[in-house]
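Two complexes follow with subunit A in common, the first pairing it with subunit B and the second with subunit C.
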Partner chain A sequence: MTVSAISFQQHLLQLIPTFTNRGILCELVEVFEPILQLQWQAKPYSDEKTSFEEDESEMIYVLPDVSVQAWIRFSPSFQVPQFFFQLYSNGCFPLTKLENVTALLRPENRELAMDALAIGDCPASNGIAWYVHPCCTQTFFQTAQVSKQDTSYLPMWILYIHRLLSPITTPMIEALDDKSS
Partner chain B sequence: MNLRQNSIPELIWKGNLSVEVHQKENPLSYLANLPRQSYFAQILEDLKQLFAPTVSLEECWLSSGKASIKWHWPVGVLYDLLSHEDPDTTTSAPVLWHLEFHVGSFPSSLIVPMDSMDTFRSCFFNALKESDYVRNGSSSLVIALSKQETDSYWNSLLNHDFYDYRPIATKLFVSKSRIIPLKFYLGEDAPIVQTSASLGYTLGQVLQKHIPEFFPSDVTCSLLKPVLQGIVLPLTISTDLMNRDFCYPDGFLHIVLIPVSN
Partner chain C sequence: MEMLIGRALQFQSFHSSVDAIFWHQLSSYKVEQQKLDASPVVIHGRFNTYSRSAISIVFGKAPENSSIKECIAEGTLINANTQQEFVEANVKEIRESMGKKLLESIEKDTVAEKPNELIQFLLFSYADIKSYRYHYWCLFPSLKNTSLWIVKGSQPAESVIPSNIISPKILEFWKTSDFTQRSFFIVAKNENGRWLVLPLKELPRCLNNRLDYFIFVVDSFQLQEYPSWPTRNLLAYLSIKFNLEKTRIIMYRDGVNSDSLSRSIYLDLVSQKNQDSSQPLSTVGWERNGKGQLGPRVVNLSSLIDPVLLSESASMLNLSLMRWRLVPQLNLGIIQNTKCLLLGAGTLGCGVARNLVSWGVRHITFVDYSNVAYSNPVRQSLFTFEDCKRKHPKAQCAASRLKEIYPKMFSEGHSISIPMLGHPIYKSEVERTKRDYQTLENLFLSHDAIFLLTDTRESRWLPTVMATSLNKILINSALGFDSWLVMRHGSLSQGENRLGCYFCNDVFAPSNSVIDRTLDQTCTVTRAGCTNIATAIAVELFVSLLQHPDGIGAPVCNKDATVLGELPHQIRGFLHDYSLFKISGKAYQQCSACSECIINEWKKRKWDFVLQAINDSDYVEELCGLRLVQQLGERAGAMEEWDSDNESILA
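On to the complex of A and B.
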């Protein structure tokens, strides 16, 4: 019996209903390569809380939700999945300073994220985007021993991305958790 | 011109563009001959000092017509892409590329703000490591460069010094690997088509494989034609020759695809 190989495009297509069910906007675009384009709202980690006491009730200030635009593609250079993203904290302008991006992440991940993140050309447009450096991804796959033919190939990799970018990527993990339960 | 005295890589290295930068409602102009193998990041501080000395560098940016200038792309690539010149039909009249300097309203979805030369250096070496990875399956050649070699390579870019640049470039780009990294540019609003190719093939075969919609034939250009280092390349050129002589300092072959003139 011949088992047909799963292409990267098929891996991406498998993610679409999982993410869509959780309210993540998904579109597979073909720009000379298959790229999954995603959009969602995320709650950033908040270091600052201002509390006011008024009539024994507390008012707590929290950071507004962040709009996340993301792209998943197969890196032609590094031959691993690659995660690109842009964060919009005020709806209009993307965050372009690394310290502003890492400030939204869990404190225990920030140092790792500072080393793993870079900014460059977005694969699906003429713009720019942050990305998780594929060199780090190579190391992950060697350790995790996940084959490209496993149906868990991209979900496992998304878990790795989440370890760096939590809580921004929480909606993706929640979607994958829904699917597995 | 004595070709025996100047190798092709040296001729490529010496290629430059005359640039005029102005700012709206400012009588001053910045004029320079910029090497095709350099980056606008290298002159951004000078432009800021001329036009807006009191603002921060990261608020400054350049445009060519309606297109924002990406300072992390080589000058030659930007010119081939944005000038809409066809090297096959260009006259012998001198070219002057007009750019505009801006402060504020930074197009943050299109350009990385440059707060210092460290940002540029980081971008450049990331690209160099990536091209090394494509060639060799790891960035080991770049990582194995000594501090002196790394600094020499960086300074050769800043000082436009061919004799410091070429030995290290040859070490990095002309290795035992048979794979080369390519970036194709289909227009200023299009994403980059990034891929790799094996040595021993022609450019036409590579284009037909990766962009068949625009290259149905591997010997004849019908819709688009490839421009590399300001030169329209024949589709019969070998990937070996392109890799040996035409790489940019980041190790990539940046090929702009322009419409075939009727």
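On to the complex of A and C.
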């Protein structure tokens, strides 16, 4: 699939070193289309300070962060990137209810997220995943006026995703910040 | 990190991160290859300096060319064949066995060749594949009762090592060595003062030659002050194998592509005999579960990968979003829990059923006496050509088709006839018709809402009587060629303001409308769009009615009456000019179907009343008073005729 001078696959390939430098596990998979598969740990929103307790005299136990599995693909119908994700609490319990997902987000983002999130077939895996509805993304690109040929096409879009899903997507932003600095 | 100085080092445990893909791969492996064999299976884990003490568990062996950005821990999966086997397993023995393996690696110094033997782990599981439930427990073994390590000094790594020289060398080391070397390595200054990055097996040389060296350990942490599990095992190795009393380590926390060591921490450590060091070495390391307790986890992935549950949650999502985003007061539960009885599984029945399913109704019963005909599939959305060939009964066919659309649907069909006024019941048919009637009555009792979707006027009479008497919601829909009607029948609870029924405007009881008629007069011939409009409006009216606090007793309401808007009585639409009218009318005291005398008689005599009403063509009109009304009407008409005769003479 070619999108003007830079193909979507090339945009994805540009993201890989940026993300992996920041510890985000990345893999480009080809399932009829190029899909970037990502994995990272994220600290969810919480008013409480991180607490820990002694497991035994030499070991301490800290509550695990949220595990994030994500996929980035190009939506052929809407002609915009599409962000899919699965969240696991305690490393293994999938979050499949909208209220459980939005509870992890900053309070000021929750309403936006509820408007933009939907659940559907995971593009590169079995099962379902949450996704940011591409019609909302279309609106964003119309406002931002970023060209598909621009190297900042995906980074700008990731900023939009982060606006909805912060702090779950903070590692992606930190990776982009590291690159720009 | 100054707060640690003088204190014994404590370590953060690793957390396992296991996703649906892993369980899917395990399930496939179990079904296709492993079957009942409980032999250990190779797995591996991936982590890096940013993974916050989490290790992603991956099915299968680590690929040789794994990305240099990750550390790999090799692991073993033991999958129990039964839940009992899992529950009754001797976890202490498993733990000690892993600890013994770790100790052997240290004592025989196979760690020197493969440093990542210090971070071997175990995953013990039971996969209940049918119900998508997975029990598992991870073990990250460490040795207990080894020496304690006291922090003598701690500073940023950049203050002790020139990061601009070392960082590229670390990257080069990672590129050229395999994954077993990455988690622990040495940075040393050789005799010529040059900084080198060396594999861990060079430690004896560093010690013997008294080189200036630091042992790097890749540290994935959540809390800055506490190094993670790999550091603990490294220090146990240094203590047991080399009997070191002091050491200098770097908690390596920068990305391997980083050109600095800004996140990494240098620790100057001194060994101190643990007060328990006289005790034999034992093993710790079972992971805590989701409740923070030492015990296995149970992951239920059905909501993520069970197709039936996926269908359930996905189909409700649209409605839930409607409530979240637009109509927060929308009561979805009452819609979902209302049991609907559809009398007629034809064009109207199929349309209503589809719309009800869209609204989340999960209990639909069909009543229809006929089989699927060749003319049906093009207009009746629940039937196919194959159904015609096999002459499937419509009611049952529609019910099973709904289940194909939504597996968790409760739907069933009954092929029974509805006794009708004007269609006498002959002696030979009495028993069968009585059985059908009793089935119908039981269905009325067990359902909350009735949809009248039959194709004749007279077939709607008995359901109207029963629904009014039993105070059930009744939504009636009828079609003309290019017109349609949707109405809700009134309820006795409305008192003197009771809304009328389908028959309240009639001065004759319904009779046989199909006798002595041509084909086009017996079949409902209607424009295709009429059905779609009528069925959509019928269901919308029904859903709005459910939202009203008075339910079936709701009066005719203006647009703000319910969260979904208006609540009319009757809606009549005309396709020829695309017009729509909302009409309301009160119940008629002499109605042939919903008047009190009819209802009371039915309540009292049930089948006997029905049989008499059907077989005695004058009975209903006499009972409800319509016969008298007709007579009065005839008299009034005759008098008018008399008067108009006068006028004509005058003219």
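The rule is short, and it goes like this: the second predicted complex is superposed on the first by the 159 of 181 C-alpha atoms of A that agree within 3 Å, B and C clash if a C-alpha of one lies under 4 Å from a C-alpha of the other, contacts with A are read in each partner's own complex, and residues count from 1 in each chain.
Just so we're on the same page, contacts are C-beta pairs under 8 Å (C-beta built on N, C-alpha and C of every residue); 3 or more make two chains touch, one makes a residue touch a chain.
Remember, predicted model here, so these are calculated numbers, not experimental data.
Participant: So, does A:23 touch the first partner subunit B, the second partner subunit C, both, or neither?
Facilitator: Only subunit C; A:23 stays clear of subunit B.
Participant: For A:32 in the superposed arrangement: first (subunit B), second (subunit C), both or neither?
Facilitator: first
Participant: Kindly classify A:123 by the partners it touches after superposition: subunit B alone (first), subunit C alone (second), both, or neither?
Facilitator: Only subunit B is touched by A:123; subunit C is not.
Participant: Identify which of subunit B and subunit C touches the larger number of residues of subunit A.
Facilitator: Of subunit B and subunit C, C contacts more residues of subunit A.
Participant: Is A:159 touching anything from subunit B or subunit C once the two structures are fitted on A? First, second, both or neither.
Facilitator: neither
Participant: One more residue to check, A:80. First (subunit B), second (subunit C), both or neither?
Facilitator: neither
Participant: A:136 contacts which: subunit B (first), subunit C (second), both, neither?
Facilitator: Touch partners of A:136: none, neither subunit B nor subunit C.
Participant: What is the contact status of A:112 with respect to subunit B (first) and subunit C (second): first, second, both, or neither?
Facilitator: neither
Participant: Give one of first, second, both or neither to describe whether A:93 is in contact with subunit B, with subunit C, with both, or with none.
Facilitator: Both subunit B and subunit C are touched by A:93.
Participant: Counting contacts the way the document defines them, which residues of subunit A are shared by the two interfaces, the one with subunit B and the one with subunit C?
Facilitator: Touching subunit B and subunit C on subunit A: residues 86, 93-94, 96, 118-120, 125-128.
Participant: For the complex, which residues does subunit A have touching subunit B?
Facilitator: Residue list for subunit A touching subunit B: 31-33, 76-78, 86, 93-94, 96-97, 118-128, 133, 135.
Participant: Please give the residue numbers of subunit B that touch subunit A in the complex, ascending.
Facilitator: Checking each residue of subunit B against subunit A gives 70, 72, 108-113, 122-123, 126, 129-131, 133-134, 139, 181, 188-196, 210-211.
Participant: Please give the residue numbers of subunit A that touch subunit C in the complex, ascending.
Facilitator: Residues of subunit A touching subunit C: 17, 20-25, 39-41, 43, 50, 52-65, 67, 69, 86, 88-94, 96, 98, 114-115, 118-120, 125-128, 171.
Participant: Tell me, which parts of subunit C touch subunit A in their complex?
Facilitator: Contact set of subunit C toward subunit A: 8-13, 15-21, 24, 46, 48-54, 56, 67, 69-70, 136, 142, 144, 148, 222-223, 226, 232, 255, 257-258, 284, 288-290, 292, 297, 299, 301, 303-305, 310, 313-314, 317, 320-321, 324-325.
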